[in-house]
Structure formats: C-alpha cells, structure tokens
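In what comes next, chain A is part of two complexes: it sits with chain B in the first one and with chain C in the second one.
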Partner chain A sequence: MTPFVQARGIGKSFGGLKALDGVDLDIHQGEVLALLGDNGAGKSTFVKILAGAQPQSRGEIRIEGRPVAFASPHDAARAGIATIYQELALSENLNVVENVFLGREVVRRVLGFPWLRRRAMRQRVDTLLRELDAHIPDPLARVGGMSGGQRQAVAIARALDQGGRLVIMDEPTAALAVAETRKVLKLVRQLAARNCAVILISHNIGDVFEVADRMAVFRRGRKIAERQRAATTPDEIVALITGAHPDARTADLAA
Partner chain B sequence: MKLTSLPKARILVLFVLWLALLGLLAMFAPAFFQPAVLRSILQFSTVLALVSLGQALVVLGGGAGIDLAVGAMVSLVAILSMLAVRAGLPGFLLPPAAILLGGLLGLGNGLLVTRLGLLPLIATLGTLFLYGGLALALTGGGPVPGVPAWLFPFGRGTLGLVPWHFLAFVLPVFVLVALILSQTAWGRWVRAMGFRENAARLAGIPVSRVRLLLYVTSGLLAGMAALVTLAWFGSARPNIGQNLELESLAAVLVGGVSILGGAGGVFGVLAAVLFIVSLKTAMQFSNIATTWQVGAIGLLLILVLLIDRRTVRWNA
Partner chain C sequence: MSHELSMPRTPRTNALRLIDHLGPQAQILAIALFFIACCLVFTFMTDVFATTGNVLNLLRQAAPNLIVAIAMTFVITTGGIDLSVGSIVALTNALAAILLQQGLPWPLTILAILLVGGLVGLIQGWFIAYQGIPAFIVTLAGLSILRGVALLMTQGFSIPIASGTGFTALGRGWFLGMPAPAILAILAALAGLITLSRTVYGRHIVAIGANSEAARRTGIPTRRLTASVYVMSGTAAALAGIVIAARLGSGSSNAAVGFELDVIAAVVLGGTALIGGRGTIVGTLLGALTIACIGNGLILIHISPFFTQIVTGAVILIAIWLNTRLFSKLGRRR
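Then we have the complex of A and B:
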C-alpha cells in the first residue's frame, strides 16, 4: 500500500542555516509516528512543511503518491492534513461546539444570511467526543475554562471533523500535568484506531514508547535513524538523540 | 467566568446609573416625567443609536478597532447628499444616496485599516479631520437648505410617543444586528476575531474582509443617521455630527462591549444610548450648560474604564 505521505529529499535553508537536509520519510495511515531529536534538530520545521505553513527549499512531498505543493495551511487541510497548533488555534471566549466548527459552521442560508444550525453541530460534536472518549462534560462550556488536555481533545475533534487523515501534533503534552498527558496519549491512539496517520513530536521518551508505532530521530537537520518500536529500546533512542550512538556519530561525520 | 464578567459588570453599572438618574430626577425634577420629555429623548436618541451600533460592531471586531470618524461621516454625508440634491439629484434618490455615501466613507476607513494596515485609532482620527474638514470647507460653515418637504414627517413625526425614524431605523437595525451576532456564522466570526485574531485566521475566517465590512457597516449606519438629521432639521449642517465619536464610544463601553473586542451585545448599547440622551436631557432640563454635558459624557467614559480596571484586577 502506498504510504499516505512520502517525503523525499526534503531540505530547508534559512539563509546560511540548513535546518533540514535530505530528509526521506514515509507516513502511513493508522500509524503513530514519533519524531524525536534535540532542540533545533529540525522536527518543527519538517512538520511545518507538511502542514503547508512553510515551503521546502528542496525535495518533494507526495500525498497518496501524487506530488503536492502547499501554498498555505488551507491547501494542506484540503489534502487531509490537520495540524494541532497548541494554544493558538482555539478561541477561549467560544464554547466547544463553536470552536470545533469555527470558520466552517453548519448553516442554512435564508435571505442571504448564514443561520447557524446549532442542533446539527451539537449532535456532531457529541458524537465526536464520544468516539474519542474525551472527558468533556459540557460541550456548551467555554474553552477558556478548560484544562490543557480538554483543549487538546477539542482541537483533535476539530481536526477529525475537518476530515483530517494526517493529524500533526507538535509537543501536545509539553505543558500538561501527568493525568492530562495520559488522556491526550489515549486520544492519539484513538486517532490511529480510526485509521488516521498521526505525527507526534515529543521530548518524553516514556510517552513516545507508550503510543508510537515507529520513531524517527532527527539530528542537525538530518533523519539519522528510523526504528519500529518493537525493534528498539529507550536507551538506544536516547543515545541516538544525544549523539552517543555509533549511528549518530557516523551521521555527524558525514555531515 | 473572567470573560463574561467584564461586560456583565458594566451592564450592572449601567443599571445602577439608570436608577440613580431616575431617583435624582424623581426627587428634584419630577416634572421631567412627562410624555413630551420621553418623546424628545427618543427623538434625540436615533442618531446616537445608529452611530453607536456601528461603533459597537467595529469595536467588537477587535484588532484595536475604533471608529472616530462616525460623527464626521454624519456631517459629510448630510452635506454631500444635499449638495447633490441642489446639483439636480432627484429628491426620491436622497435616502439611498445618503446611505450609500455613508457606506463609501466607511469603506475609506476600512481600506486604511485593512489594506494599509494603519492603526484604527490613527486612521479614523485622520478621517475625522478629513471628512469633518471637508464638510466645513464645502459649505463655508453654513447650512445647506432645500431638503424635500416630503421627508419632514419622517424626521419629525411620531407614532404615539415614538418617532418614525426610531421605529423605522433604530428598532429594525438593532434587532437585525442582534440576530446576526447571535444566530449567524458571521456573528461568530466577529466574536472570534475580536477575541483572538490568530485563532480566527488559523480557522480560515477571512478576518480582513470581515473587518472591512464592519467599517463599511458603520458608514452605512452613519449615512442613515445623516438622513435622519436632514429630515429632522430640513437642512444639512456641517457640524451636525460633532461629539458623536465621544458619545458613541461612551455608549458602547457603558453598554458592555469590551474595548478589546470579542465580547458584548447590542441591546446594552441601546440602553446606554437612552441613558446618555436622558442624562443630557436631564441636564438641559436643569439648565446646565451644553459644555458641561460633554464633560459629563467624558466623566462617564472614565468611570466605566476605571470599573473595568477593577474588574480585571479582581478576576486576575
């Protein structure tokens, strides 16, 4: 089966700085792929290119085998790639249902005005939250009063309803308490179970080993290793990240 | 909670202010409570209500939104449309022409803000002087007479105690805007972009286009207000919109709209408009000079902003 996304030879330069260099990576549906690496390794830059937030300097992205060029996050969203920007993407003065449908409300046109179809939206959100097993007691409560984990659930429900087939999460648990982190990791597995592809960036090796099917380690803009979870150990991954692993040394020499 | 409490606190303040005003009047000027005074309050409320609604929309849309040109637009629309009538525009086209002209002047503000990226405060301060100055320059400061007489009943007549323009303009536009804000996707977009512009943009809301339309709407409402002054006074006066920027801003803030955008409703604004006009009328009634009335509005504005600071601190 063709991978949902194939990235080939992706490079990105900021002036003289090579933030990414010749990255090849496949992303499959129904699979959680974790991106690991030190700060500045190029993980965020890579997912921003996938999400249409920045163009690559070199290389090609293929979606289901077809080459694509995203001019904006909107283009990427149309191709089924949804990014969960952490705090930024929710409006705290609006409630859960309003946030899930913000910008793409379900409406009925009467006299030229887009009248909201509240019941339809409410029902859809109830279904999504139930499927995600998200613990949000009141979908009509404002997002402003919710915990970090609940906000992630709202953002994920939004991504799913947009028909997201690849959901990108850049450090979704960085600011969360332990119990909240557990819930978000559960949501990540739910997404994969629904045959979504998920890219998860996280610094927490424990979290990554709990949810990821596959891991890719970035170092100084290059992808230096790719491992199935069953075929590796936390120690090996940490060694790859820090540069203590022989593969990492070889990569450093080659650079 | 924090998000709603601010407008709510102000609505409460408005309620207290109303009670205080009514109490004082009942004690010291019971003659105030007569039908003729109520009728006069409504008569004077229409113009302020219309421009305050535009002001409220611009402020709600956030991005430091403010429309200081509302009064200047009323003046210039009144002058331009009467000059057009004198230049041969058929009288029956005066109403649509005035409203359209207002929309065009509002479009000017909107383009300065959304296309040139000027700070709304600066852009509309510029057009306050530009539009206001033009109204004076075109007329040398004098009125332009010649409003078709068939318009007078609209400006001066009432149904019971309620002026026709209040019934025909104020009530419908407030109800329409309230419905749009609460029941349509557009209203949601305005609240979202007013509160968190970044989130709104990421969600795909055409923020700049919506904001442009808010300034245009403010202009259209100023055009309606200008038409009311024409039908009322029978002539165009180049300074008719004086102080409306200050009074409309006071009405918007006293009425519970957050100056930061995103929160508030329009019926609070209407209640605040009626309060401000009643306060001015009461001062007139008590022979307090007009200059003091402007000072009182300024004081009211400061009072509301002080209460805001306190509420924010309590919630922080």
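Then we have the complex of A and C:
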C-alpha cells in the first residue's frame, strides 16, 4: 500500500544553518509515528513543512504518491493534513461547537443570507466527542473555562471534522498534568483506530512507548534511525537521541 | 498559557470559572436590575415619568444613541473602538440640511448621507484593519477631522430644514403608535441581535475579538471583517445624524458633542467587554435605555442639567470599573 505521505530528501536551510538535511520518511494511515530528538534536531521544522507552514529548501513531499507543493497551511488542510498547534488555536470566548466549526460553519441560506445551523453542528460535535471518548460534559460551554486536555480534545475534534487524515501534534502533552496527559494519549490512539495517521513529537520516552507504533530519531537535521516499537527499547532510543549509540556516531561522522 | 495549563486548580481558578460561566448573564442581570431601579426611583419621585407620553418621548430621544450603540457593540466586540461617531453625526446632520436646501429630493438625500457615513467608516476601517493603526488613534483623528469638516461646511451656522416632508417625518412622525425614531431603533436592535448570535458573520466577529490569530488561521478574512464593523458604525452614525436633523428640523455642526461617550457608555454598561471577544446586544439595549432614563428623570425632578452629566459620568465610571475588574482577569489568562 502506498504510504499516505512520503517525504523524500527533505532539506531546509535558514541562511547558513541546515535545519534539515536529506530526510526520507514515510507516514502510514492508522499508524502513530513518533518523532524524537534533542532540542534543535529539526523535528518542528519537518512537521511545519508537512503542514504547509514553511516551504522546504530541497526535496519532495508526496501525498498518496502524488507530489504536492503547499503554499499555505490551508493547502495542507485541503490535502487532509491537520496540525494541532502547540499554542492551541482556539477562541476562548466561543463554545466547543463554535470552535470545532470556526471558519467552516454549517449554514442554511434563507433570503440569500447564511444562517447558522446550530442544531446540526451541535449533533455533529456530540458524535465526534463521543467517538473520541472525550470528557466534555457541555459542548455549549466556552473553551476558556476548560482544562488543557479538554482543549486538546476540542482541537482534535476540529481536525477530524475537517477530514484530517494526518494529524500532527507537536508536543501536545508538554504542558499537561499527568491525568490530562493520559487522556490525550488515549485520544491519539483513538485517532489511529479511526485510520488517521498521527505524527507525535514528544520528549517523554514513556509516553512515546505507550502510543507510538514507530519512532524516528532526528539528530542535527538528519533522520538517524527509524524503529518499530516492538523492535527497540527505551534505552536504545535514548542512546540514539543523546548520541551515545553507535548509529548516532556513524551519522555524526558522516555529517 | 502553557504555565497556566500545568497549574493545579486552585480556589482562585475555580472562582474564575464561575465568573466565566455566570459572567455574561450576571452582567445583563445586573444592568437590568439597575435599569428597573432607576425607573422605580423616578416613578416615585415624579408624576410624569411613568406616563405614556414621557416614555415615548424618552424612546424618541434614546433612539440615535441606541442605533449607534448597536453598531458600536460589534466594533467593541472585535476589540476596537470608534470615537468618531459623534463627529460623523455632526457631519451627516449638517450635510443632510445642506443637500435638502440645495433641493435634492429627500429619499436621495437619505441614501447619499448613509453612503457618506459608510464611506467614512470604510476609510477609517482601512487604516485600522489593513494598515494596523490602532482604532483609538484612527478614530480620534476622525473625531477631530470630521467635526472640522462639518464646521467648515456650515461656517458654524445652523441650517434649517423645511418641515412637513418625508424627511422630517423620520424624526417627528409616528408609526404604529410609536415615534418613528423608536421604530428605527427597535429594527436596528433586532437586526443586531440576530446578526451577532445567529449568523456566520456575527460568530466571526466574536472570534476575531477573542483570538484574532486563531480566527485568521481558520481562514476567516479577519481584515475585511474588522474593516466592516467601522463601515457599520459609520452608517449607523449617519442614520443617527438623519434622525437628529429630522427631529430638530435643522442641521448643525455642533450636534452630538460628546455623543461617542454616551454610546460607548451604553455598550460597556451593557456588559460588552472592552478587550473584545464578548458582546451582548440585549445588554447594550438596556445600557442605552438606562442612560436615557437617567437623563430624562433628572430633568423631570428639576435637577440642574449639569448634574445630569455628573451622574451619567459616575455611572459610566463605575460600570467600566466593574467591567475591567471582572474581565481583566479573564483577559490575563490568554
């Protein structure tokens, strides 16, 4: 089966700095792929390119085998790539339903004017939240009063409703308490169960081993290793990240 | 925000969630109670206040403020402000009298005046939304420039408007047993209410005020919408200018001095947050009526008109103070 996304030889330079260098990576639907690496390894830069937030300097992105060039996050969203930003892009004074549909409201035209179909939107959100098993008692409550985990759930529901087939999460649990983190990890698995592809960036090895099917380790802008979860251990991944692993040293010498 | 998220729930954040939940309703309830209290006080202190004649008169007088306050609610909900509305009233008020004097038929005059108001709003909106100049600065400049233009056009004289035409009927006429201006205000309030809560446009206006970056990322044309609210306030101010000219039977560049403050006071008194992202038309309606009520009642109990200004000012101060106390906390959480 063709991978949903194929990244080939992706490079990115900021002036003289090579933030990414020749990265090849496949992303499959129904699979959680974790990106690991030290700070500055290039993980965020890589997902920003996938999300259309930055253009790559070199290389090619293919979606279902077809080369694409994203001019904006909108292009990427149309291709089914949804990003959940670190600083969640939600409107605190709007309720859950309004946030999920913000910018894509369901309307009915009466007298030429678009009127909100509030009941239809409400029902859709109820369904999404139930499927995600998200604990949000009142979808008409304002997002401003919600916990970090609940906000993640709202953002994920939004991504799903947009027809997201690849959901990118850059350190979604970095600011969450333990119980909240558990909920978000559960949501990640729910996404994969719905045949979404998920890219998860996280510094927490425990979290990664709990949800990821596959892991890719970045170091100084290169992808130095790729492992199936069953075929590796936390110790090996940590060694790859820190550079203690022989593979990492070989990669350092080649650079 | 990231720090806030990892913070355990303390009693303080619980209190904030309560305000979060009750905030809008509590504020509307508070202003409604205050309005009723004002009405009761004046009803007991004078024989005239609660008569049909006076209530209709009060509605007629409150209409221009109300019409503009509805539009101002949209402006403030985006996080903006329009200080130029009083000067737009003066400009359009004088211009209407001049055009009628020149013999332009009154329906065309009204159309032209509304277009002028919208155009002035468009120009200000362009500076604010597309050039990134703060709304306070742009409309403060507008306040000065437009009043100046009005003075220049009239040379400071008041220009009479012939009575008995359809034009003056807009200010003095009756319709369904109500003064025509009151009917216009009610229509404006209904349109505002439906637009803010039931249309995509209204929801996007709230989204822009709440988090304009998030709104932009979802593909909402934030700049176009931001500019549009100033077109709305400009047009509403022009309508108010027409109503005032029609009621007084003259156009004057000295009309509506300090009008913008009464309008903003009505909006803020009603519970619309000055930081944007939260607006209520019902609140604005109550706010405008309260201000009209205080002005009317104090005159009826023969208190010096100077005192009216003091009381109105004090009420505004207290309202904005409460508003800021309650909502700055919410604002800081972003």
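Odds and ends about this structure:
Basically, the second predicted complex is superposed on the first by the 254 of 255 C-alpha atoms of A that agree within 3 Å, B and C clash if a C-alpha of one lies under 4 Å from a C-alpha of the other, contacts with A are read in each partner's own complex, and residues count from 1 in each chain.
Basically, contacts are C-beta pairs under 8 Å (C-beta built on N, C-alpha and C of every residue); 3 or more make two chains touch, one makes a residue touch a chain.
Computed from a predicted structure; not experimentally measured.
Because the two structures share chain A, they can be overlaid on it, and in that overlay chain B clashes with chain C. In the superposition on chain A, A:3 makes contact with neither chain B nor chain C. Of the two partner chains placed around the shared chain by superposition, neither chain B nor chain C is touched by A:40. In the superposed model, A:176 makes contact with chain C only, not with chain B. When the two complexes are overlaid on their common chain A, residue A:30 makes contact with neither chain B nor chain C. With both structures placed on the common chain, the touch criterion links A:114 to chain B and to chain C.
Counted by residues of chain A touched, the larger count belongs to C, out of chain B and chain C.
Judged by the document's definition of touching, chain A residues 73-74, 85, 89-94, 98, 102-105, 107, 113-116, 142, 144-145 lie at the interface with chain B and also at the interface with chain C.
Remark: chain A residues 73-74, 85-87, 89-94, 98, 102-105, 107, 113-116, 141-142, 144-145, 147-148, 174-177, 180 touch chain C in the complex. Interface residues of chain B, counted against chain A in their complex, comprise 1-3, 180, 183-186, 188-189, 191-192, 195-196, 198-200, 202-205, 262-263.
Residues 73-74, 77, 85, 88-94, 98, 102-105, 107, 113-116, 142, 144-145 of chain A are the ones touching chain B in the complex. Chain C contributes residues 1-3, 5-6, 8, 16-17, 20-21, 198-200, 203-204, 206-207, 209-211, 213-215, 217-220, 277-278, 330, 333-334 to its touches with chain A in the complex.
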